[in-house]
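You will see two complexes here that share subunit A, one where it goes with subunit B and one where it goes with subunit C.
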Partner chain A sequence: MSKQFLLDGQPVPFEDGQSILEAARKAGHYIPSLCWHKDFPAHGSCKLCIVKAAGRHVSACATPAKEGWEVESNTPEMNGERRALLQMLFVEGNHFCPSCEKSGSCELQALGYEYEMLTSRFRHFYPDRPVDASHPDVLLDFNRCIFCELCVRASRDVDGKSVFALTGRGINKHLVVNAESGRLADTDFSKDDLAAHICPVGVILHKGPGFAVPIGERTYDAASIRSQKLKEEES
Partner chain B sequence: MHTQAPTPCSALDGILQHHGHRPTELLQILINAQQLEGWLPAPTLTYLARALHLPRARVEGVAGFYSFLYTRPAGRFRVLFSDNITDRMLGNAELMDALCRKLWIEPGKLSEDGLVSIDATSCTGLCDQGPAMLVNGRAIGQLNHRRINEIAELIRQQRPLAQWPSEYFHIDDNIRRRDALLNLDMKPGAALASAIARGRAGWLAEMQASNLRGRGGAGFATAVKWSSARNAPGEPKVIVCNADEGEPGTFKDRVLLNTYADLVFEGMTLAAWAVGASEGFLYLRGEYSHLLPQLEAVLARRRAEGLLGMRILHEPGFDFDIRIHLGAGAYVCGEESALIESLEGKRGTPRIRPPFPVTCGYLGRPTVVNNVETLAKTCLIALQGGEAFAATGTAQSAGTKLLSISGDCAAPGIYEYPFGVSIARVLEDCGASDTQAVQVGGASGICLAGYEFQRRIAYEDVPTAGAFMIFDGTRDLFEVARSFVHFFTHESCGFCTPCRVGTALLKGFMDKLADGHGAQADLADIDWLDRLLKNASHCGLGSAAPNPVIDTLQKFRPAYERRLVSLDFEPAFDLDAALAEARQLTARDDPGAHLHTHEEGTS
Partner chain C sequence: MSPARPPEGARTAAREGGGSPVSAPARKLRVATTSLAGCFGCHMSFLDIDEHLFELVELIEFDRSPLTDIKEVGPCDIGLIEGGVCNAENVHVLRAFRRNCKTLIALGACAVNGGLPAQRNHLPLSECLREVYQFRPGIANGQIPNDPELPLPLDKVRPIHEVVRIDYFLPGCPPSGPAIWKFLTDLIAGRTPRLTGGLLHYD
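Moving on to the complex of A and B:
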């Protein structure tokens, strides 16, 4: 007999140690996320996976499921909080979707649609974040960074290079690369690194042909992020 | 222009050697390296990274996290004005302005000759003797215009700090009321001898009987923490004393470490005896670095007396020693898992919990993190027994509590009361009159209005880590809340979205109201942000950040409402303010250079 908890009234089976998010996705229920990745330990920074478990707000990615818990996720209250978190991520950076090459395949943008974010609601911060185009194969556009640290983790834990790190604090936190010059070209970064392919938004972009995929055929044109992520789970 | 002279590598090698080339000492190494030139040039970070076999980006990440580390040139004299609300009430803004004018510089900028930089910093823990500042890390209190004039002159003459008048650096304890702890006159080792005589299990049983709860604010049962760490697998176990006393308005740990350091270190050793720990750290906030030499001397004496080191008091197998780890200006490191990250030489980002530090703490080992006052109290329990301790205070709050009292009262300072004392009684004892509100527990605590002054200091009523800031009828509670919001925005580690962006947004709303552009819609947005911060934040900093706003909006709403210009909506953008740069460039500030976006009301 496997253990189970209730997610929005639906029973979800889980194994000991499994997080609420993992168990839910495995059972075909979508809980959104930006910083979570199935190949890495939970990070818990974006907070989009926030759910109410036994009456308390928790990150679904970082909270082990418990037998008999009642978890609220797809409710007006939780989705309202998610929408506000998305609005925060949009106003904190400089996100000009129409001119961004990642448009249509960007998880932040897709979640904006998924959670019916119609306005940015809060005032924009318009931070000054210069682009790093020094590397021959890859462009870094820091304007779009959401601090999920997936590139940091991939480069450190898989590529064994630690090309990326965060510095600064609070709203002034920002991504830096592993070179005294601060230029990506002066690191050992390669376009074949896992870190070069893991950004959920449009910070790490490959040079060469641009906007190769026509509108209508991009990742989230055909199907929502909800169904895409659940499909990934099945494969 | 400030020229960038390369730091002599031999000096850096010496620092690295002193810290055994241990990457866990990275923060300590950076603090020491900065003393060479007053800041950390890029080649220094590269050199240290290479020597420690760390990625340079990680070293840069750590250097950029702590407020007191500079990766850009800073003055040979680095002046930081403490900016707690109590400093503001004592006129710190005017003094900072005066010093800037005398030295011809702007706040936050380096003087052209590289001599001096002046800026503000979070509460430095001298609220009972403010306004206060730090000069190259050294604390100076009781600032006034005369002292500011003298300091300006000393800086202009480039006189080294060692030649400044010693009375500047004199810091008072200001102990006003003593009870069980502050009256305790214990011979070093007496509590330890008594605990050793009881055996490890017997001593833990005394602790259980005492019902001692953590004095850092959360109130977790100390004996439960100790026994969890004792039963957790993994060696060697670690005892950490959390002296990162960053909560605005709190300064009791400074006094305990200044005058009762033996009680604190003995408490750590008592914890080590119960838990079976062999390694100890005192995490001392950077603002208190002036205490470092005397604390090191106490540790050396205790080693010589057989109270630290191998076979403590000749007890076979009782080995324990303590090292002091300095912080560098990061309030979030008071959170125990962030503190442990910092101890490991990393950015002070709170960890995901569980696992909790008692099972998986410093370098993955079972780790007890206790507050300074909590540890000092364990000496009382060892000497008098758990039951005697439990008999004092209230049902759920055994013992006494140290309060750090500041603000509008005749006698600010340290007051020790048995738990259960009423707010009104405390106000009377410290000579407060016409009190409008009291902020108990610091910025993250609770703001009490007059009708609540019969409430009591105790975990079951008004819990507190010890801050007690008093505001009389002349104070504006909106400005109090706004200063705390600024504090949290500055101190957010930036890890999670709600706290990183939410505190900055909240600051924006509070500033908009302060600038006279607030509307009813802003109060609704503030309310919504408050709830999101409370619900969604990763750690206690984010969830406590809206507290001052929530309390004052509920209890002092007119302080907000009188700032609203219209009842519906008003944009945050201020056209006139946007022209400030044009005015500066044209050296004009006459009425014709200003736009009046709304009627001022002419008389």
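Moving on to the complex of A and C:
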């Protein structure tokens, strides 16, 4: 008899050491995430997976499931907090979907739709973040960075290149390229690296044909991020 | 002024009609629209509701709008604002809309988050003006226009909710005709507008 906890009243089985998010996704329940990736340890920075477990707000990706816990996730309260987190992510960077090549396949945008975010609500920062177009195959548009560190982790732990890093603190935190010049062209980054394919938003873009997939056929045009992520989990 | 006021009776009538947009309210709702720092694309999309326009004109009448050419906004039930705020005139128009409209709506990406015009926000304004009016290739003896009739540009383009209180937001570049129709019919029938079934998009 495996252990289980209750997610929004539904029993979810888990194994020791499994996080709330992993167990939930495996059992076919969606808890949203941006910085979480099944092949990497939990990062816990985006906080989109926030749930109420045993009366406390925790990140579902970084909290091991416990026998008998009652976890609230898909509730108006939690979804309202997720919407506020999304709104803060949107005002902190420069997220202009109409001119972004990732539009339609962007996880941040798809979560905005999922949680019916109609406005960014807060005052926009409009930060100045110049793009890096130095690399022959890949463009870096830092305006859209949400600091999930997926590219940092992929480049360091899988590609073995450590091309990216986050630097600065608090509101001054930003993504940098590990080269003396700070330019991507002066690293051994390649378009075939895992780091070149892992960005959930529109920072790391491949040059060449742009806007190749027509509107209507992009990742989240036909199906919501909720159903897409659960389908990925099954396969 | 007064004939444009009471929308409550109209709304109740619409609600009693089963929430259907086709049931004509007792009095037509007065609607004003404008484009601030926008491209009129949202207005074009508004016209994309096609034959629903015939149903709509049974329910509403236009106040200030590019469709009527009325220059000053009067008391209205609904105000639709396209575009962000990029100059002093935009601020005046937006505030006049807020004073006169019971329900004020941000229509489209630029009104919601600044959109394309806000892409100048990371550059100093003077640099933008010099680039366009002085240093652009093919310009001789160029100078930055300073006619007092020209509205002064703001240092940054702002979404309209950063200037006045906004009641509803309808994102999209532009919001599709069906999205605008769904939104307006919800609003006119007295329901909280909600974009479902793929009508919500930011691009």
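Keep this in mind: the second predicted complex is superposed on the first by the 235 of 235 C-alpha atoms of A that agree within 3 Å, B and C clash if a C-alpha of one lies under 4 Å from a C-alpha of the other, contacts with A are read in each partner's own complex, and residues count from 1 in each chain.
Convention: a contact is a pair of C-beta atoms (placed from the backbone, for glycine too) under 8 Å apart; a residue touches a chain by one contact, two chains touch by 3 or more.
Every value quoted in this text rests on a predicted model; they were computed, and no experiment measured them.
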Exercise for the section: Go through the superposed model and pick first if A:R123 touches only subunit B, second if only subunit C, both, or neither. Expected result: both
Problem - First, second, both or neither for A:S103, with subunit B first and subunit C second - result: second
Practice task
State whether A:S162 touches subunit B only (first), subunit C only (second), both chains, or neither.
Solution key: first
Practice task
For A:G112, select first, second, both or neither according to whether it touches subunit B, subunit C, the two together, or no partner.
Solution key: second
Exercise for the section: Report the partner of subunit A that touches more of its residues: subunit B or subunit C. Expected result: B
Practice task
Identify the partner contact of A:F211: answer first if only subunit B is touched, second if only subunit C is, both if each is, neither if none is.
Solution key: neither
Completion exercise
On subunit A, the footprints of subunit B and subunit C overlap at residues 123
Handout entry: Touch list for subunit A against partner subunit C, complex
Key = 90, 94-100, 103-104, 109, 112-113, 116, 118-121, 123-124, 126-129, 215, 221
Handout entry: Touching residues (chain side subunit B, partner subunit A) in the complex
Key = 42-43, 45-46, 55-58, 60-61, 63-65, 67, 330, 347, 352, 354, 489-498, 500-505, 508, 525, 528, 532, 535-538, 572
Exercise for the section: Would you pull the subunit C residues touching subunit A in the complex into a rising list? Expected result: 106, 109, 112-116, 118-119, 121-122, 156, 158-159, 161-162, 166, 168-171, 173, 194-195, 198, 200-203
Practice task
Provide the residue numbers of subunit A that touch subunit B in the complex, in ascending order.
Solution key: 42, 44-48, 50, 57, 59, 62, 64, 81, 84-85, 88-89, 91-92, 122-123, 125, 146-147, 156, 161-173, 176-180
